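Across the two complexes that follow, subunit A remains constant while its partner is subunit B and subsequently subunit C.
Up next is the complex of A and B:
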């Protein structure tokens, strides 16, 4: 084990080594899984759609791995001192893939019309916006109703992609035939999609950034079976395995191959945070002491090393350590079965069986559920694992029909975007698996999240978020597991693939292949 | 004969509609719907988002109304629209049909030819080492789980020996044309078709062998021998023809499944066929696609049953159909 981990660490080091001048040309062969339903990222926001479409479409900004904004379609920006006015200056030589010029009118249309209608996550953030205007062709002004701390963080391609006004204005967005031939401003153009086989993107020759992109084309290979995806890499058919392409137990074997690099960077914006939903409404999980006992009973170090190749981190708080305003000044839950037993005894737990839903996303999650079942069994909690597929899992959560259930959610860089939604009481509603599914209610927590979202200074926000993290780690509304580390595996001669906080999702712009 | 065919066709249509209705309710009985799945994938969803999706899919209407709309469409040869894939279901199915037919028919031919041939060989050498070898292999092929055989085949022939491509329909990005493309697809076809054919090959072999041995004990064969006919002629004209009856029945059954695709094989080998389409549609609760695939494949089963019955007439004149 130790030797294999050393190999992995060595591979991680190699991937950060220095390299020479970029060269143009070549093709990237990448795995995409599952096959996206559509590439129109304004309409469909699932992972695979973003992964491909992030190279066709663009947002106003990108973010580096420390979540600092970088120019994209906007070359510069200004925020007024009161935090209410955001002014973006756009590049003036940008063309859509069909040759039409990209202007500020497209930005206003995308943000104010199209995405307000189609993009559930962005819609919530845009509620803070009073007006979006375009004083001239290359200037866009967002005026806010009140300061909104995370506002600078909603401009990447998955959150606010730019949609061509000349194609979509006045049409039925969902049924626009152009959805099958996406037109963006990005470094790669859509060329071909053979359903069930592959998607092909080609270099945008008219890209506005001189010399970019380097690659001639990208082939996304649709390979439904995880073992076959590993074989595809081993036999040289694909060169890049984005995070989650192969089962975790295959990662070390593949990472040990020649000319193979691995990185867990490129997920900072998403900050995938895993936990078990604990039903706060009824049964043993309604008791805070039971929930704390679950935290003490779980051996999360073991799960991390045995199931996740030692990638990722133990989740200390509801906020991921890669998200802003994280603090570790909170209640800690180290593996301590004795404490767990004491808490269970104190509450008078009678051995009632609790149902556990694993996440139906493959072997790793199944095994993780088994490990947790064993951990909980060791302190006397009876667990029954309930088998479901994705649709059934979604429905059970949306209907609150569970006791404990694995999940992981993205944080989008800021607690106001990706953390508050899980814990505020106004977000308790059946029908969604992305809101306050556990049914936790605490007026103090509601108030702190509300204040922190609109507080102007960073210090003020940090103080409020620190307090809320302390309350939540005491109440344990859900059982936090790991900050997941998803490895991107690739041939070492593919350079500059993961340079931003969303990794391969917008990474091919700078990537090149060294001979 | 014509009356027989017409009557059978009439029955087939009724059965088909019954299957469709049954499938409709079965699918809707499974937990979760396409809106829930798509909301689950979106990473965020509010009530408006899900309600919009349900309205678009027509899932907000009562179940019987939905069934009525669907059946109405099918009667006009309209299999509906896949909102998930943004395509009419018929287009989706027909775009996947060639790949599936290529795979399943190749597997069908391989298994039927090699299976019966091996069965005949084994029956001619009962008790000898070649019979033992063939029978053992058949037992092995019969008992091996398909997905395991598929993975082992990939491991051996693709990863270790590097002789054959391990997955896919053709070399993506090679842009071969003409004969080079045919050759390329052929290379990709070998592993999945052979793996898929293994099970039926074993079945045909065992059935042919047993049937040949059984027929060869019958009186008319003895008579033929007593008449002094040559052994080869007895084997071909008398025993083989009679022994083929159960094999034809079985071949009819297998042929009915050709269009339904091969879920496991297509998934392991990333073969872009109907089996995978169906499997993915099931996971995503893409109702119209699932119903469409079920519809086409049950129609094919009925059709091939009919063809088998007619074929019987020619293979075995004793059977009077109708």
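Up next is the complex of A and C:
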């Protein structure tokens, strides 16, 4: 589905619709924020690592902006009728950056050995896998224990990157010296990393796809301050600002510059979904009517336009509209203070103060908390904002010591991967801020999520997820805010940068710079 | 008293300072009457420039909140924090200084080393650490400012008490059998009041600056609209909306300037012997 662009961006994009032939050469100057702790994406999966390493390493598949699989290291694939056997045919002329050939043995090693040990999120998905085998050098077969709907969606580079067996087998993965000089199969090779300054990647001359990539090199500039990053773009030091590089307030000003394009595509796989945790265990937030009142009281349209430059969408349901099995056939919550007041009256809310934790990720989130506090105050809810830093925020959520708290999480394209974890009761455990932090328990919801994950047909899954979305929007375990739009800003003569569901994370393969 | 006013008003700057401070005080006290709506209320579209709309003469901020309303309520916070933290600092500093100066010897040594311990730590850094540890709130901010600003009071009082200690009337009081406590409270301290008042007026100014700096760094009480918070929040948008940081900045400047002018005037009025020539 087509994501909404700002009118501004739309106007700018029209002029880029006429494509010329790609040209080779040139250097891309990109901001990376913050500096990644490592580029070894098999070990570290935070945002900046994926953004750089996604162009060094590769997965078996890529996904387009509708989350449909596209060939990458696998040139074709087959799924058996019963949904239990997935067979991938690999490209046969692929070399690692050090010249060794890439074969199916590397795939088996990566998925079955290396990542099972190092990659928590993938490990959960791989629990459905019975065996991973390599009948010949270019064929890999995944056999599942039972059907697992989202399985086709876990082959992206940040989720299942291919790791060189000849370098890592039998070594201590965490301390392998090769972690500092990553070796992948991707379109760009690691060249140098000057800590605090830049990371430089150069074209992989032996890349297996003819003619790709077009660019000679990529410079990732490390610039710690948001205002300096904006200036770096304005003065021409960098040409690409990936999502989240500059403060939202600066986006509009920069997007209005000459030869500047902006897009909020390239985040579909992540589907960043923001909400407020509402503590379902105690206090006023334990009452469903109070939680519904919060939804009615918030002016999310205002927050979107004033704080997010109209990028993104109002979150209608626990599932992002860019994630599979989204439905808008749910209970809707428009800004309606009167309804909120009526609900509060019905429950007999006595004005007890609720504590609100803002997300300590910068000015936008602080302002957002202030706006929500004001919205809630106008229907009579007393809110106290609790100031906190990142460590304190993590701790308070992990200890359930909050009433309401801002957050956003990724959805990874499928409700079974990125949505269920927030609402199923088996995921209630102290110590994490990524599980069922709100303490919502509903056996029906547990059952629906469990069935939907292993249902074979799409129709069946859709039906189950539709029902679960309807129940959740009635119970309001958390207060959904926005599907966040993280705009990528770039010079308009940089072409084909954002063509996939993970945007710049693997986008430089096809990008080229027009003269 | 009339004499005091005569000497005070001879310093024109001090009179200007009083006028400014009175205006700020009146605005702070009358803020809920002049601006019945909360300063956090989003009243108009965001980033409205000054004078664009007569109802919002100083414009609106990133969330469409009225800047003028924010300034009025910010005056409350700034003055409150300035006064309360100064009183708290005096309550710590005066007893310590008086005891050290009056008893001398090992008591003096111990108390002054303790004071120096606080003086050697950069005060702003210490304030940041304290607020960060105790979570930012109006109470932790007042406490932090008081804790970093009492050492000069203690040293000043100690010096004054030391010189008064050997006066005849103090010795007479000792001979008449008064207890040390009575002597300090009834004989010594009343005579140190002038320099303390002068110092206190300057401390209020410093406290306002400290509170603003803390808020600017995001360590203010998140539920109170203060001038420092307004500037801190406006910092990221300074190129689009200069007025958001300009007006609160002017407010801080004028208030602190007023307090400094008053302090100087008080100095002239209370210490006629020290008054500079040509006034």
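Here, the second predicted complex is superposed on the first by the 501 of 515 C-alpha atoms of A that agree within 3 Å, B and C clash if a C-alpha of one lies under 4 Å from a C-alpha of the other, contacts with A are read in each partner's own complex, and residues count from 1 in each chain.
Heads up, the rule we're going with is that contacts are C-beta pairs under 8 Å (C-beta built on N, C-alpha and C of every residue); 3 or more make two chains touch, one makes a residue touch a chain.
All figures in this text were calculated on a predicted structure; none of them were measured in a lab.
Once chain A of one complex is fitted onto chain A of the other, the partner contacts of A:226 are limited to subunit C, with no touch recorded for subunit B. Of the two partner chains, subunit C is the only one that A:249 touches; subunit B does not reach it. The wider contact with subunit A, measured as residues touched, comes from B rather than the other of subunit B and subunit C. When the shared chain is aligned, subunit B comes close enough to touch A:47, but subunit C does not.
When the two complexes are overlaid on their common chain A, residue A:174 makes contact with subunit B while staying clear of subunit C. Contact with both subunit B and subunit C is seen for A:388 once the two complexes are overlaid on the shared chain. Residues 227, 388-389, 392 of subunit A lie in contact with subunit B in one complex and with subunit C in the other.
Across the complex, subunit C is touched by residues 226-227, 247, 249-250, 253, 302, 306-307, 358, 363, 366-367, 369-371, 373-374, 377-378, 384-389, 392 of subunit A.
Only residues 27, 29, 34-35, 37-38, 44-47, 120-121, 123-124, 174, 179-180, 194-198, 200, 217, 219, 221-225, 227-228, 231-232, 234-235, 237, 388-396, 398, 409-410, 421, 429, 431-435 of subunit A touch subunit B when the two sit together in their complex. Within the complex formed with subunit A, the residues of subunit C that make contact are 38, 40-42, 46, 62-64, 132, 135-137, 218-223, 233, 236-237, 239-240. Here subunit B touches subunit A in the complex through residues 30-33, 36-50, 56, 84-86, 92, 95-96, 99, 151, 154-155, 158-159, 162, 165-169, 172-173, 267-270, 272-273, 276-277, 279-280, 283-285, going by the rule given at the top.
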